């Protein structure tokens, strides 16, 4: 994946989020404060504004800029978390001209690490991590099994979506949804849902 | 009409008002602040409390007590107006042991005078006066024509009710209903309606 | 009707009790009545007495205290208090300097306060009064009862209260109070009605895209109904009516953006943003702005704008020290 | 959605503009940002910075001024402000004495403020922080994110603000702020939801006889739903939860009956009537009571009760002079 393709992935992420703005906010309204779609949409719009006509030309700089923009211009919980994730992912591809499927694993790894550093959550607390961690593990396994390209990505996305589905069955103990206690059961975590949308963007342009 | 009958009339007034509490408030809600039934009901309840076990035994004292109670214990516009009306009516029967149909005319006359003194309204401004003045005039005419008892009272009540109906067709220029301007057209004045209820009580026990 | 209450019968009593329990350092309730007076009577000054139906909280009892009222007489919700309650208040706070009644122009209020005044004068108490009639939504003519008194009343309390606190005599206090009445204009709108507890039904019903224009403060319908518009246009309309009623151009004013009880401060601030812009454009200088719930209509979602044209004395009095539950000015 | 606004995109901007236009003597807005600071910077004292999503008006910008905050950082409605906005505020009000951040315990707020703090510390600014988590509706455990910060935050602003104004050093100010956090408990309920303008839909929907118990301040559903009861019973429940969380018996307290924005003062006063009675019965002495809209949720119809257990220092600081748009104490 060259720089332009990675740029297309980021654009696709923006599109996926914009198209699902209402959906994400509705999920958030059920167990949170109903702004996750608004926040993410605002964030990726800011990202697009920042990237438009910029002279950035390496994957690391691109990811870092996305991360900085999300972290510093979005607010809410998702802003700093996704922001940190992209900034950390950027570190995994420092100095590279292109990004391969093999780079995706360390990128995801670092991203998850960053989210956990900031948010102090673990798997099973009904957050974006419940989509991202299974996604990373599935990708890891797929690559280990020698699956190539789309198949590995499919496995990753499937795991993310299953993870997001799974969040319906558990009680939130981190983030705003933790305040509604048992009432969070039956509802998908909006951050897990947005994570799926972001991962999906990778496949579209891979 | 002896003292006891007059007392029954007052009790009947209280009943008529209590039974029409919602009706009067609904009329007031359309063009005023929706409390006329509440006010009148509260007032006549206070009257009953005051009269219960009291040693009052002349028509004048009875009417004066009703008036004082309405004037000083009800508030709103109707309180002082009806209060003054009863106090003034009382002056018309000072020193009398019983009250006859012939006394009713000066009583009404004084009552209307009192209302006009306090409220500075004239006929045609969409107030209780639009029921009371026609009632008085009809009674006057009926007595002049030699109609007796119930017939004279019927004429009086009919005129009051026509007067109340008539208030539907005019714009209020006094009281709270004046604030809604043209929108007061089509609605009966609540004070005119309560005046009909009070006059009706006279007939029931005459 | 969805309300945080216990029973419709006890609303007034419990509200008054809750008020004096919250502010014992400011307020005292007279026994067996709802009359609220200052915790410590101040002698040697003209006493200010105001009041009206309940449902306008913090008005009027919230403005009892140093630099504003000496007593407030709350009636039942939206019902003028009775003459004997007003008289009790006068009797309690009267001084040799006399008592000024601040009355809002409603038939009921005027009659009940005047009956109390007659009683007080009968007892030899020096009395004066002003009648606030600031609502430009209502046509004023010699044939009608005239305009309603609405949120502009708070300016009368503040300015006349400060004058009285300074030791001015009854006629001086009445004069400045009257000057406020003469120079204040207000108008309001609503998008949601309120419900009088004892009544249980809204004063009017509006479609999702409708508003009542020219509302009073008793939950009654306004002068007419319109489609909701962007709030800047609503503000333009209210200011137009206010500004065409009194020449404000080139003068200094105090502004009140008053919430009806259910309007979030967020919206009142947005309203004020445009009020300030329009006045600046018209060369009207804002000296002081009040944004908040001062004269409410229970939980109505609505607002009014009041503009008081100031002279130097009114300006100084507006900025003078006041210490009451609902308005404190360090001065 | 029925609101007095112009467009959902401009709500925050116009609200902030309306605020600074109303109170230029108190407030100044930083250019190209929504950060609000005191009109005149006060040097030589610890600076207090607070903030959070908008929609809680008058919090937080309404409490900027003498004796309370030095800066408020408002985010979009119900969305924590970004680290660079917080940093800008810190940068503007910082003094050699340092800066105290007052953060409400929400994942977003904590992360965004801490990121700003890291930036500020990188620039050599002396920083400290407290995190308010007063909402007893939420279970507290090492496994969860912990309790929310709600209306009790205002007590932190008032008391720590007074301490800073007196010239105390950063650690002293932080200490007393932390003591307030440790000694304040709150809980709320709602009978009508609010609508975030950008979103257009209510956070929850209730039947005519239902209420949400244990609500936060962001329009989110509470911990559970119940049938509405007479408000005294609701108050009993909230106080029970608060009192079982901290031993208040025999101590002096400050009370806040906080409206959510759409609750009429009439009801808040009725609530306070019972709060005062229950506390008196339990031998808890009320030193000061606040009844009104301090930490709102736009137009939500709801309320919270906060109880702050006082020591002598907190008591003195609570009564110390403050002069801000939303809270003035003559002191």
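Every chain is named by a letter (A, B, C and D) in the order it is written, and numbering of its residues begins at 1.
Just so it is clear, a residue touches a chain if its C-beta (ideal position, glycine included) is under 8 Å from a C-beta of that chain, and two chains touch if they have at least 3 such contacts.
Just so it is clear, the model here is predicted, and its values are computed rather than measured.
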| item | value |
| --- | --- |
| Contact-graph separation of chain B and chain C, given in steps at minimum | 1 |
Groups of chains joined by contact, in the absence of chain D: A | B, C
| item | value |
| --- | --- |
| Most remote chain, CA-based centroid, reference being chain C | A |
| Centre-to-centre distance between chain C and chain A (centres being mean Cα positions), rounded to whole Å | 55 |
| Separation of mean Cα positions, chain B and chain A [Å, integer] | 76 |
| Approximate Å spacing (C-alpha centroids) for the pair chain C, chain D | 29 |
| Residues within chain B bordering two or more other chains | none |
| Per-residue overlap in chain C, given as positions that touch at least 2 other chains | none |
| Contact graph of the chains (line, ring, star, complete, other) | line |
| Pairs of chains, among all present, that meet the touch criterion | A-D, B-C, C-D |
| Complex contacts: residues of chain D adjacent to chain C | 2-7, 11, 14-19, 21-23, 54-55, 57-58, 62, 191-192, 194, 208, 228, 230-232, 234, 255, 257, 261-274, 276-277, 286, 289-291, 293, 296, 298-299, 301, 303, 321, 323, 328-330 |
| Chain A residues touching chain D - in the complex, by the definition given at the top | 25-26, 29, 31-35, 38-39, 42, 71-81, 118-119, 173-176, 178-181, 183 |
| In the complex with chain A, residue positions of chain D that touch it | 53, 75-85, 106-108, 111-112, 115, 137-139, 143-145, 148, 196, 198-199, 201, 203, 214, 216, 218-224 |
